[in-house]
Structure formats: structure tokens, C-alpha cells
């Protein structure tokens, strides 16, 4: 592929990705993840106990909430707290992040503990949900380590059975491209978000025809691009977790 | 494939599907769609004019709302009107149905008219969102015909560029299966909803690892099964629309 | 009376009434009731236990919720779940249905069990609240029978002390008329809903001067008409309950 | 009738009723109405113009809102503003008051003006809705006079075609009684609220079997009692309006 | 100071203040407080027990809720119950009243009992929050006496360690003035509410530059004026509490 | 003063304060302000036009919204968007920030433009509201400069008539102290927030007796401390604004 993009990347190239652990002090896991200009603060809050409907199950609970600051985007959006309700997009992404993380959690090994992942977008430039999943996994790993270190997670079984990372892909002017910033995202005919485990299996595949339906060959090309992208993100996550906190 | 299912179907077989047009009298399009015991009432309401943010654009607007009656399911669920808010699942499905239908609508041909699709699940037995999309398309077609007949849609361009149908697929005990009823849905390792156009292109692919991540081969098998299923649903839609109302 | 109405009925004649039991499969009682074109799905959900404020009382609890599908009416109405609140009319009718049914329930005989009646209007053509009460009674009877058959209701006392049925009456151009469809309802000077027991006593009498106050003679005429109407509905309910489910 | 009640009244006797006009200074009509210990502040707010859906109709609009202060009752109830929603009972009574008043308003004579009646229960001892209607009529009359005096109501036609008053009646231990205080209200087998015009016609009749269904003879006795009661209230209203403000 | 105000007062003079105890019958403390035309009903509801988060602490809980009737003001304001949410001003004043009262309550002496102060403005003419605090203290004192008399407060320690009273002050055309009615309030450059104990110490000082920032000398003048005002209010409270209820 | 604090400061010393302009790219003003470990992101959104109620006035509008990320604090708090309502504290602080900024804005010079200040607390360690005001002023200044540079603010009059800064003070163990971190804040007997202009006049003085009422001498000491603190903050703001963006 020789097409060059507005930001100089090749179609199969990620934006610069940085993962900063310990970005705030209060949370058991706190990660600032950046995919280019997209900047998401992912905090993991570890608490003893589980919601009522899980009590006595011996199992833990992991959930996520996603939100955007009002001026993360180019035009200010009204706060959902002021509107008095959560919008459909927010609901959908929160649910996606939660499912993605639960795919790699052994809830029995976690025991009756709860970890809440808060993913707050400080600055948005496309791919906020995939950056959120990628960063939230690292915050989750730090929170699990904290829970183990402080004796809340006992029994010695591994809580995290694998890692998860996510990336967006899309077809623009007929060319499949990896990790779309906002300017590309709005132009994409097809938009797909792919979540994979560190070992390369699929956790979520969500493809949407924005302007034109897509065929099987296009779908295959997007999946190839995405799995290469999440493999690279898995490597970046691993390196971040190997650094001292 | 020789596996037989609890209801006697082979893995690649749809449940009995019926599409009854004109099920209620008030709406411009009114369809009762049944996928086995799943029963969804899809009504299309045609009105002149568009929401404020589309005024003067020359374009129409198509949107959808999905809901379940409280006792559509085995256990009664609380009404969202009583709770005072729409849940995440409801939001997500409403958005999915709206996107799926808009993929085959030429909004310029529709002109400044609005069509709202209400998909109310009267009885749920798995696959409610895919039944809703499949039935809503037929209600939409009837509403577009109504709008044309009554002179609201003018200019002679085709409003519907294609048809859309949707089906669920999943992997159960290693076997990919088509059109899952509730008892299969809860056991599936992977659950995928696929929306295609009548001409066979993809509009939405949403695959989720419920209990175990899935690999590329499994994904391919599910996509094969789904596209055969939506092709069959497309045929059933066409036959329903050919019958006199 | 020799006046003939738009639909060919005499002033003291009900519309065709049908009561279909077992219309959906999941609920303990499920009835589709039709008064002409008015069509209401009444489901009764039987659960062990009672709300917190009745615990330990030895008494059961029966309540009702009424709602309309958005396009049950001629113009689409916004969903109350989307508005985030229940409207006054919905509240008022839900409360009326609940009171009407509780009038024939011996809560001690029911024991600490709860029955929730959901009355969802699929198609509206006047008289939806009276159709709902009439159908809900039949669904309630089926749910009580279910609870008895499954050993949740014990002690052998009769839970239902009588039946209840309801009908609307009104004065149109000076003529008292029974069971008003929408076109008559909007023209009525006085509009009254009457709920009686199977043995003919009053449970609710709600008369409202819509366009002109009414005198005692008119009130008497309306009450005569209504009690004849509910007697006929009582007979139809009894026949429906005598058929095998 | 020789039965004497706890408060010394005969069954057909009203509690002491007082109507104080001009109780607060800001509203165009402001009445404190007392039925024994029940004390309701009724204010009428007159404004130019009508809601959007009545604009250009040449007609005015009259509506009402009812509420209770949290400690009007014996046990404190939570504020509906804090709960974030209006309860069913509040909705129902607000609608009743509005309908009752509109029955005597000639909206064409009112012209495109709006009058909102706020009925706030300061102290509750049964019959709050009937006291509210009775007091609100007087506040309405003062607001109409204000609007006429200040040149907002023009054309010279009478805005109020009659007066309205309301009273509760009920059957206690077999005896029909007028104007029930709280201690009687909770013991009544049947509870009825009756609204009549000054000329004695019915505007609303709402009878409910609280503990036992009622027959036609009981209904007749209650209606007799109520119409005598509202006639007396009509006289009290007239006297109040004849006093200088 | 020789400036005379529209209502004839000198700058350092309170409006006529009246405190009527036992204004309603149901509450354990019920006070109508009037600062000129400002009229606030303050009721204190005493209940056994405390909110969940204080259970077992041995301490009681005192809280307050402030609200305005819709037509307390010159223009009708929409009910917060109808809007479905509490406004910022209401929240802020409720919190202020609660804090002010808790400053003089020994929660250990109160024991695990709760007192809720409801301050409902019946008529507003400036200074509603300061009138509310001043009246609520008297209602609180009556409720504490009730609790003691009825054996809910035991142990013999004084629950109320002091009294509290509040007044507004402001600078108008360069002159510091005490207890501003509405017409002065809107013209004030600086607006300050001061809450003091009976012994003269500060509980709250809230000064706001409405039109022009203020300097230290102005602040000092306002504090002098306010402390003289609350001393006078303390005397009026004491006299009210010395009268027989 | 020789008392040393846990963090080594003298009683009259601010925590390290940093103001980073241009912290995010989308907003017209974007400032990260830090008072020790308290970290608030203040963005200013400049838009043409004003709310409906200011249209045609020739005046602009400046308002503020404050919020905390769920895990800014030591224990995770539930999102207000999820609760469906804004809490009292949030309301109160948002209003305070808005008032403080409007005190230095000449709305006529701003013209019919709106600036919204969003103050989101990323990490909380006491003094979030005072940090928010101090940072928001700088973001506001940048937004005004942007509006001027882009021709939205015309006429050449100065929009900002002065600067504003805010600091908290409190009395701990009898010692007045400046700029309290969380550990000191919870121990303070009296807690005061003071907002001043750059020229040293008061905009807001809000003092609250948390555990013990305070006397005039203590109030004076706190005011002295605060005005020295805001003078220092004014200097830091000025330096930040002098740096190139």
C-alpha cells in the first residue's frame, strides 16, 4: 500500500500510541491513553464486595462507564448530567467496554470484588472507544495487581486470562485504513471496531456500513488490518505494564 | 451438517417465519413479524416534515424505536416509562434498526418527510432485533408506498434502493447455528447479528464473544450461515410485499 | 330507541366483543380483548412474595399498569419511556384498573403473592380503559387458576369473590349511547365509565361533563344503559373462561 | 337522620367552611379555603397569551395544578420535586380540578389569555380535592375580574357561565354522610366526589367502592346528599364574592 | 443614618417580624414566620431513627428542604415537581438552612432521631432564606421539646446548644442597609446573608458582589449591621418561644 | 507564624500552583490548573449568539459548569449523568464560578456572544472550587482573546474589566491557614472561600462554621490571609497569560 494519509501515515499504520500509568493518584489503576490526539483517562476502582444480585456467588464483577467531557470535541456538547439522561451512544460504548474486559477476566479468581472502569475522554479525535478499551485493560491490570498485593484477591489463580486491545478500521475511497482520526472517520464508507485478545482471537467485531454496504472481500481486508493493529497495541500494552509504576 | 436442534431444525435452518402486513389499521405500514415464537409488531408512521435540524435540506428522515412489552419475556421486566429512563440495550437496538433501514433509503428521493418505525416485541424468544429489522423493512416499504400514493413523495425517484433483512447466528458446542431461539442464545459461545441488503452486501456485522473468544475460521463459518439466512428472509419479504394488502 | 349509529348499532348495543385467552405464552394469564377495533393485550404476571410494605401481612397484592403503543392511535404519540415520565392519563387509568380488580380479590385468600396486570393497547378506537378492565379480569382469573394449580395459592378459599367488567356510555346529541368508539367519544357531551361486579353492584362510576353539565335524569339513563352493558360483558367473560385454555 | 359524628355533625352537615379572598398579594386571585381542618391555598395566575397549540384560536386556556406540602398530612411525605416525578394521585386531582373549572368557562369570551390555578394543600384532613375546586372557583372569579378590569378580557361577554363547587360523600357503617374528614374517609365503604354547577347540574361524579361494591339505592342516596352539599357551598362562594376584596 | 427607605424604615431597621407557632396541627413544630410581606411556613417533622448511613452511630440527623409555591413571587414560576428536577437556587438554600441549624444541634444529645425542616415560601418579598432560617429554628425548638416530652429524646443533655437567626444586608447607592425587601434586593450592589448564633458568633457569612466588587470597609459595615439585626431577631425568637403554644 | 503543616508549608503559604494554557486543542480557552494535587481542567467555549432570553439585548453571556470525574476523589462517586440529576453541591459550585467570572466581564463589550466555562476536576485534594475559578479566569481570558482575534468581539472596548482569583482559608486547631488540602479541610472548624478581583476587592466571601461558630476576630484573620493568597494567585495568573500560548 502506497497511499499516504493527511497525517503522513500509511494505511496500515497506527497513530502514535502512548500509555501513561499512574496518571492520577487516587484510583487503584489510572491510565492516560493517547491514540494521536485522542486522549482518554481510564481509571479502575477496586472495591470489596459485589452488587446484590451477585452476592454469595463467589464471583467478582467488572463493569465500565464511558463519557466525554463537554469540550472534548470540536463543538461543545451538553453534559448528560444536565440533560438528566445518558444518551444512546454513551450507553452503547459503556456496554462494549465492559463486555470486552469481562472477556479476559476469570470472575471466580477475582472473588467477590468489584472493579469499575471509568473511561473519560479528555480530547476526542476519532477512535475514542478503541483507545478506551486499550487503556482500560492496562488500568484493570494495575487494579488487579493492587487487589492481589493488598490481600483482597486470594487463591492464587490468575484473574486475567489474557489481554484485550481494540482498534478501528474503515474503507476510505476504496482503501482499507487502520486507526481512523476524526477527519477520516466521517468520510469512511464502512467503519469497523475490532477487539481482540492478546493471543489474537476476536472478542468483538462491529462493522457498520456508513455510506455504502460492504462485501465479503472488503470485510476480510478490514479484519486483516485490524488484527495486525491490535497485535501492535498488545505489544505496547505489554511494554507499558513491564515498566515500573 | 447433521446435528439436530431441540426444535428439530438443522443448524442452517430458519425457524418458521411469517410476515403479516396490515396487522393494525392506523399506521401507514403495520407488520406483525414472527420468527418462531418471537413476535414483533412493526409500525411505520409517515409524517410530512422533518426534525428542525434537517429543515430545508431537501432530505427526509427515517428513525426507529424498539421496546419490549413487560411480559414479552419469561420474567416480567419493569417498564422503562415507569423507571423514567431507557436502558442501554433498548437504546442500542433502536439505533441498530434505524441505521439498518437508513442504509437502503435515498433520503433525497424521500423528500422532507419523516418515517418512524416502532418495533414493539409482543413475545420474545431470541432474535428480537433481527426479526424487528426484517419486519420493519416491510412496514417501511408499505409506508413509502402510502406516501407515494398520497402524493407526499414526489419526483419519481426510488426511495428504497434495496431491501434489508437480518438474522442471528451463533456457535453452540462448537457448531455454528442459524437463527437462535432463547434457549440456544444463552448457551452460545459466540453470538452474531448480521444485517444484509437484498443484493447480499453487509450493512452490519456485530459479533460478540459471550463465553469464549472466536477465531477467523469460526467468524467465516458464521458469516456464511448468516448470508444464506438473510437471502432466505429477503425472499420471504419479497413474497409478503407481492401479496395484496 | 330507534337511532342508528355510524356503525349500524342501536344505542344500547355493544360493539362485537371477543376475548382470546392464552394469546401469548409466557404470562400466567394472557388475554387479547377486542371491543370492535379497540384491541388490548392484558397479561397477568404471578409471582411469589409481595412488596416490602405488605411483607408478613398474610395478604397478597394485585396491581395494574396501562400503556398505549405509540401508533395505537391515529397520530403517533411519543413513548413515555422516551419522555422519561408517565403522563397523567396513563397514571389515572392504571390506578382505575388496579382498583377495579382489587374490588373482587380476597387478598387473604391470595396469600403473600403478587399479580401484576399489564394492559397494553395495541389498537385504540375508544373505550380502551373499559376493554382493559374487562380483559384484565379474565387474565387475572387465569393467573389465579395457575397459582392454585401450581401450589402457590393454598388454603382453599376463593381468591376471586366476583367478576368485574366495565363499559363506557355517553350522551350524543341528547341520546344516551353504549360503548362509544372514538368518533362518538369526541362528540359526547357527557362521558361515563362504569365498572360493575358480575352480580351487578357498582365498583366505579366516573362521569364527566365534556361539553355540557348533565342532570339527574341523564345520569340515571346512563347508569341504566351501562349496567345492561356490563351484564352482557359478564356473560361474555364467563363463556370465555368456560372454554378450555 | 339522627346519627351523630365524632365532630358532632349530623350526616348531612358540612364542616365549617371559610373562604378568605386576597390571602396573598401577588396573584390575580388568591383564596384560602378551609373545610374544617383542611386548608388549601388556591391562587389564580392570569397571563396574556396561550400555549403554542392554542395560538390563533381566539380561545383562552384554564388549567390547574394540585400539590400537598410535605407535612400537610400526619406523616411527612417526600416532595415530588425531590423524587423527580409527579405521582399518580397528584396528576389525577390536578386534571380533575382543571376539567371542573373549564366546565364553566367560555374560552372564547376569555380570549387568548391563560389562567393557571395552583391549589396547594397547607393542611390536610380529608376532602382536599373538593375544597380545592370550591376555593379555586373563587380565585378564578377574582382573576377573571382582574383581567376584565385591566383590559385583558374584552368584548363584554361573560367569561364564567356558572359557578362550580365540589364535595365528598361516603357510606360509613351503612349511613351516607356528607363532607368526610380523614378519620371518616379511611373507614368509608364507598367514597364519592361530586362536582356541580351553581345551577345544580353535574360536572363530575366519581364514585369508588373502597371496601364493598354499592348498589343503585346507595348511589342515589349519595347523590342526594352531595347535591344538597354543593348547593350550600355555592351559597358560601356567592357570599364570599359579594364581600369587598 | 438618616436615609429613609421606600417603606419608611431607617437603614438599620428590620421589617416588622412576626413568628406564629403552632400554625398547622400535624407537625411536631410548625411556625409561620413573616419578615414584612415575606411569609414562610416552617414545619419540623420528628421521626424515630436515622438514615441508613447514620445507623448505630448514636447520633441524630437534622436536615432541611426549602421551596417556593409557584405564585409566591410576582410572576408564576413552574413547579420543580413538574420540571422533574430541583433547581440550583433551591438546592443551595436548602443546604444553607440545614447547615445553619446543625450548627446549634448536639446530635449525640438528640440520639438516633431525625428532624426534617420544611420551609415553604407562601409569599416572597426578599429575604426568604433568612426568614426561613429564623423561623425554622423556632420550629426545631418545638420539635425537640415534643421529642423530649414524648420520651424519644432521653439522657437529659441539651439538644440545642444555642439558637440561630439570619438576616440579609446590602449596599444600595452606597448605603449599607438591613433586611432588604425585593425592590431593594434587585438594586443592591452587594448582597450578604449572615447567620449568627444567639450568643453572637458567626455560623455563615455569604457576601456576593452583584453589580460591583466591595472593599473591606464595606464588608465591615455590613457585618456590623447584620449582627445587630440578628441580635434583634434572637430576642424575637426568644419571646415567641416563651409564649405558651 | 511558625506552625508547620503536614506538607511542610507555613500557615500563610499556598501549595505549588501551576497554570498550563492550551492543555487541550479544541476549546477556545483550555487551562489545566493545579493547586498541589488538586487538578482541574477548565475549558472556555466561545460561540456566537446568546440564549433566547438575552437576544437583542446587545449583551453577551458567561456561564460555568463544574463537575468531578467519578474517581477524582479517594472513593469513587456515582456519575450524576447516571443518577439522572445534578447534586446540590455541583449546582452550588457551578453558580459560584459563573457569578465570580461575570463580576469582571463587561457584557456589553462582549456583545451577543456566549462563553461557557467547563471546570472538570480530574483529581481532587481540597480547594477544587477555588482552583476552578482561578483557572477558569485564564481560560476565559484566552477565549476573549480568541473572539477578538477572530472578529466576533468588535467595538474595541475591554471585555474583561479586571481579573478574578479565589482561595480557601480555614481555622485548624485555632490557627488560620491558607489553601487547605483535603486532610486539613475535613479538620477545619471554619471553612471560607474568598474570591477577589486582581485589584483586591471582594467578589464573594463564603464562610461556614463547620464544627464551631467563629467570631469577628477570626473572620478578620481569615480575610487577611485570603486577600494575601489571592494577590499571589493574581500574580501567577498574570505570568501565565504573559507566556506565549
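The chains carry the letters A, B, C, D, E and F, assigned in the order they are written, with residues numbered from 1 in each.
The working rule: a contact is a pair of C-beta atoms (placed from the backbone, for glycine too) under 8 Å apart; a residue touches a chain by one contact, two chains touch by 3 or more.
Keep in mind the model is a prediction, meaning the values are calculated, not measured.
Where subunit D touches subunit E, the two copies mostly use the same residue numbers: shared numbers make up over half of all numbers in play. Separation between the centroids of subunit B and subunit C, computed from CA atoms only, is 33 Å. We define each chain's centre as the mean of its Cα atoms; on that basis subunit B and subunit E are separated by 59 Å. Spacing of subunit A relative to subunit B, judged by their CA centroids, is 28 angstrom. Shared contact sites, meaning residues of subunit E that touch two or more other chains, fall at 84-86.
Read around the assembly ring beginning with subunit C and moving next to subunit D, the chains appear as C, D, E, F, A, B. By the touch rule above, subunit A contacts subunit F in their complex via residues 24-27, 30, 37, 39, 41, 43, 45, 47, 65, 67, 69-74, 76, 79-86, 90, 116, 118, 120, 122-124. Only residues 85-89, 91-92, 94-95, 99, 103, 162, 192, 196-197, 199-209, 213-216, 219, 223 of subunit A touch subunit B when the two sit together in their complex.
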